[in-house]
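When the chains are written out, they are named A, B, C, D and E in that same order, and each has its own residue count from 1.
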Amino acid sequence: MNYNWDWSVLFCFVEDPVSSCTQPFFYWIVSGFGWTISVAAAAWVIAFSLGSVIGVLRTVENPYLRGFATVYVTIFRNIPLLVQMFLWFFVFPELLPDEAGKWVKRGMPLPEFWTAVVCLGTYTASRVGEQVRAGIEAITQGQRYAAMAMGLRPVQVYRYILLPVSYRIIIPPLTSDFLGVFKNSSLALTIGVLELTAQTRQIEEYTFQGFEAFTAATLLYIVVTAIVMAVMRVVEGRVVIPGMISLGAK
Amino acid sequence: MFENFDFEIIVTSIPFLIEGMGLTLLLTVLAIVGGLALGTVLALCRLAPYRWLSLFAGSYVNFFRSMPLILVIFWFYFLVPFIVGRPVGGFYSVLVAFIMFEAAYYCEIMRAGIQSVRQGQVHAGQALGLTYRQNMRYIVLPQAFRAMIPILLTQAIILFQDTSLVYVVGLRDFLVAADIVANRDNRLMEMFLTVALVYFVMCLAGQLGIRKIQKKFATG
Amino acid sequence: LAVYPAQAQDGSYVMKRIKERGVINMGHREASVPFSYIGKDGKPIGYSVDICLGFIDKIKEAIKMPDLKIKYVPVTSQTRIALMANGTIDLECGSTTNNLTRQKQVDYLAVTFITGTKLGSKKGSGIKEIEDMDGKVIALSLGTTNEKAVKRVMKAKGINIKIVSVKDHPQAWLAVATDRADAYATDDVLLYGLMSKSKDPTKYQVTGRFLSYDPYGIMVPRNDSTYRRLGNVMLADMMRDGRMLKLYKKWFDPGPTNIQMPASATLRKAFEIQALPH
Amino acid sequence: MPMIEMSSVNKWYDDFQVLKDCSTQVAKGEVVVVCGPSGSGKSTLIKTVNGLEPFQEGTITVDEISVGDPATDLPRLRARIGMVFQNFELFPHLSIMENIKLAQLKVLNRTDDESAKRGMELLDRVGLVDQADKFPAQLSGGQQQRVAIARGLAMDPIAMLFDEPTSALDPEMINEVLDVMTALAEDGMTMMVVTHEMGFARRVAHRVIFMDEGRIEEDCTKDDFFGTARGERAQEFLSKILTH
Amino acid sequence: MPMIEMSSVNKWYDDFQVLKDCSTQVAKGEVVVVCGPSGSGKSTLIKTVNGLEPFQEGTITVDEISVGDPATDLPRLRARIGMVFQNFELFPHLSIMENIKLAQLKVLNRTDDESAKRGMELLDRVGLVDQADKFPAQLSGGQQQRVAIARGLAMDPIAMLFDEPTSALDPEMINEVLDVMTALAEDGMTMMVVTHEMGFARRVAHRVIFMDEGRIEEDCTKDDFFGTARGERAQEFLSKILTH
């Protein structure tokens, strides 16, 4: 391959006119990685809490609440994330009253970051919601009856019976969704969050040494995924219900 | 900003967009078919009694699950020509990347599907004298597929939306085509709203269609 | 007893490869107006594309394949280097800035366009020079040489400007249009292009001195001086006999997109200087 | 006043009528067995008593509180009626003791100590004190069902409902559950029991209700039911389940 | 020669020994009932006969073919032994007739017509001709189990294995299945039946095997078993399942 590998672009610390080194681009990658983690983590908080609510609402009896949740899932899951990112960034502020729109665009701290977080969070919430719903539906009707028959109120039935069991069942797909948030956070670059992928692109444009940067990014993704999977396996082991062979086998 | 919404740009770019949609659909269908086939084979490997085979399938799946699709496409596109010694062309390179990537996900889905078929069904097929392959073919896989339809659909929708990543290799699917028009003619708002609407309608139609098929299976 | 063109080809691995494949792979951009973009019929057109087509004619002569096929390979700013490195494209016709860092990875033909960073903003914003931006918001697109330039000036002059990074030029323009940013700093030619295509061009302005020097060039694979010389010969000829300026007028003055950018004195000088004699 | 009173209850699933004009009453301390062919509406009937299944027409009162009245606080009423299901329905993620404590803590607002103490008393009564810290999946079916009964009793209910409590059990485990139920009946608990265990009915029940196609076809004393007073359908049903 | 012969079969799941030194034989035309407490290894024992469960030690032969021998073509052997399961295990995606035809077509390579004809004969025998085109989920449990028996018989087996064929059924449906099985036994079919239905054993079985903790504790004629010759454990077991 006619490519001039030069790993020093990532690690050199002296400005050197002969090699491509103008600054240690390694720092860029570290900073990008930091933003990636921040976006993913903050978005996951939204996705998990909002998704749980949506998932629960999809299983309640009230047709209006159920309808609302269904519409939510339908919209957020059927529009590409990239497009949603654009809509949140450019269209959403225009729909607000003037003052509020201005605040969203300029007033609030880190507008790009929070826009990306909200977009990614609400998008992933539709996924999580579907998982939670599936988890709840996998629990037999009898469990719900038993909980109600003891006098638990609907919220208590979810809080103490349905959700704890449901979360255990859906740990594997939730892990996938979490990794999804992590990977999808790269789309935040389209609205100017300088996360990992954005930084590798910057390095590429500055130095034309893209392969080095991409390799570093790829390795980081793989390492993080491996860590997350390992952690989730431990979590799964921790919450396993004694005597049950496998809850998720349904 | 909506007062001078430029409908004309949408109308004039329709042929260009339709061409893009053609590629989107073609890639989606081929990647689903190929990914499902490869994924099913992988799932069978994962469940096979040979340790090395299930280990291989397991590592394959974990590897691809840990990579963002965009990086997979990227590496395929740039490294494959280097390995085979000549350009392979964007289309074949992304097609292979998509199939191999999706196969990892379909493998997990199929594995869950196969495992959801009760042991009793497997035993019943065996007790009738069906061989391993016949049992898979006539008893297990048909039930697994049916159980998996909703998840397969979700995955298909994701894939349908993900085809836009072909921009990496310079192919033009629907979203990329719209993006090109938007960039070339500076009409972002118009194009992105159109894209949102088109994807929404198509995914919804797909969803409703599948639900119908599912109902038919349920009564059948 | 070797004939001249055969010699030319002998020393060139790129031309050897083109001859073997029977196809030349031309990298082009899709929305880099008016340098290299997709026309209404779906084929790439533009200033750089025209230059490249001239170059390809020369190559055809050199390798004696008059019916050499051209394959158009779309590239982006992320893929152009990789595709050149792995041998997929034989030349890139876009709007790529030629700088010394990048020359570690690729070679360039002679400079065919000169631009630099300026500011695009709404009329009545009171913005003329970068100094007027103090305390305001500027849009910059990711990883461009313009970004570097603006940051350098900010540092040197101690101006405090808030930066909004965006993905590409139209998004940056949209950020200005929706008041997310007060100005967009990029190559002036791009600013004129964006302005000419906005719904109401009279609402916007391009102002300020050049904050950077950005010469564009056709990108070719590294370490093939024979191949590169062939291109430079063609360019020198065009610059010498005025065809280059004509081509420039076709695309920029006023140009199909009505961009209305007469050739600058610097560019004219550059054409003169690069018109090396045989 | 009867403890449970149903009058002219009708219930539909869409077009399909599951309960047809059902009326009956259960006095305090009375044990009533409900039997009938599969799909005849037994489970539905018993679930309407504590409002787990809504019904469209008629009235049901429990301890003089109307179940169908929208103003009734159903969770509060349900807390006073114990219920035991065919598949035990212990909560798999909670230990045996936690299963028994949950509603005491969250519904009756007892303290942790009180609930644990009551739990232990009841586990003792069903003979499972040593299993308190295990999880449901670690117990046999018969043990699980005994825990389920203890869980129902922990709320100090005024009546207990049973929906085929033994039909998911292995034959050897049926008796351990029936023995607990018999003891309960002897203690004077008001009980409504859907079951096919005619031996239990003969020994323990005061009255037997026979249902067919959503209708209460027979509602008479045990002696009448096992005597000759019963109708053709009930006769046929009994002959089916008693011959093997 | 006995039709089925097991000698000194041992089987482990990891460390746990499920079958301990089990030996028995079933002659042609003989009906053997296997009973015992839950978890005693009955299902495992019967599944080793046609190789659904592999075993580690001992030998089993069916019609003089060794089941444990790796050279044996197990699918072919299994095709000659019918098996009926506790949960029916009809294939839910195939109609009743397709369920019965599948193995005839794919294993015996019969033509479509032949298999359909044989299928109809057997559906007639179990009294379900009119259900041929329905799907399993549309039938009651008793009907499904009768179809499962017909499916097994369609292969013209030399022996039939039953694993608790009635324990998932509602009480009123148990007899319709037992009746079919009784008729089968009277026709001279070799049968091994795991069941708790002692009435059936008394009426139909020639021999009764009692298992406990993986061991064959009793293996004697029906009369001996229900007489006084049996051991303590069997006695206790019988008393448990016969009292209610």
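As a working rule, contacts are C-beta pairs under 8 Å (C-beta built on N, C-alpha and C of every residue); 3 or more make two chains touch, one makes a residue touch a chain.
Given the structure is predicted, the values throughout are model-derived calculations rather than measurements.
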Touching both chain C and chain E, which chains are there? B
Which other chains touch chain B while also touching chain E? none
Longest centre-to-centre distance from chain B, chain (CA-based): D
Given the two chain pairs A-C and B-C, which is bridged by the higher number of C-beta pairs in contact? A-C
Chain whose Cα centroid lies at the greatest distance from that of chain A: E
Find the geometric centre of each of chain B and chain D from their Cα atoms only, then give the gap between the two centres in Å, rounded to an integer. 50
So what's the Cα centroid distance for chain A and chain B, whole Å? 20
Inter-chain centre distance, chain C versus chain D - centres from mean C-alpha coordinates, in Å: 82
Taking the mean of the C-alpha atoms as each chain's centre, how many Å separate chain A from chain D? 47
Multi-partner residues in chain C (2 or more other chains touched) are 78, 82, 85-87, 171, 174, 178
Would you pick out the residues of chain E that each touch at least 2 other chains? none
Please output the residue numbers of chain B that touch at least 2 other chains, ranges allowed. 1, 74, 78, 82, 188-189
Touching pairs - complete list by chain label: A-B, A-C, A-D, B-C, B-E, D-E
Considering only the defined contacts, which chain D positions touch chain A in the complex? 47, 50, 52, 75-83, 85-87, 89-93, 102-103, 106-107, 134-139, 148, 151-152, 155, 161
Residues of chain D touching chain E in their complex? 37-38, 140, 167, 170-175, 178, 196-197, 199-200, 237, 240-241, 243-244
Residue numbers of chain A touching chain C in their complex, please. 1-4, 6, 20, 22, 90, 93-94, 102, 105-106, 111-112, 189-194, 198, 201-211
Residues of chain C defined as touching chain A within the complex: 77-78, 81-82, 84-87, 101-102, 104-106, 137, 142-144, 148, 164-167, 171, 174-175, 178-180, 221-223
Footprint of chain B on chain A - complex, ascending: 1, 74-75, 77-84, 86-87, 90-91, 94, 130, 176, 179, 183, 186, 197, 211, 214, 217-218, 221-222, 224-226, 229, 249-250
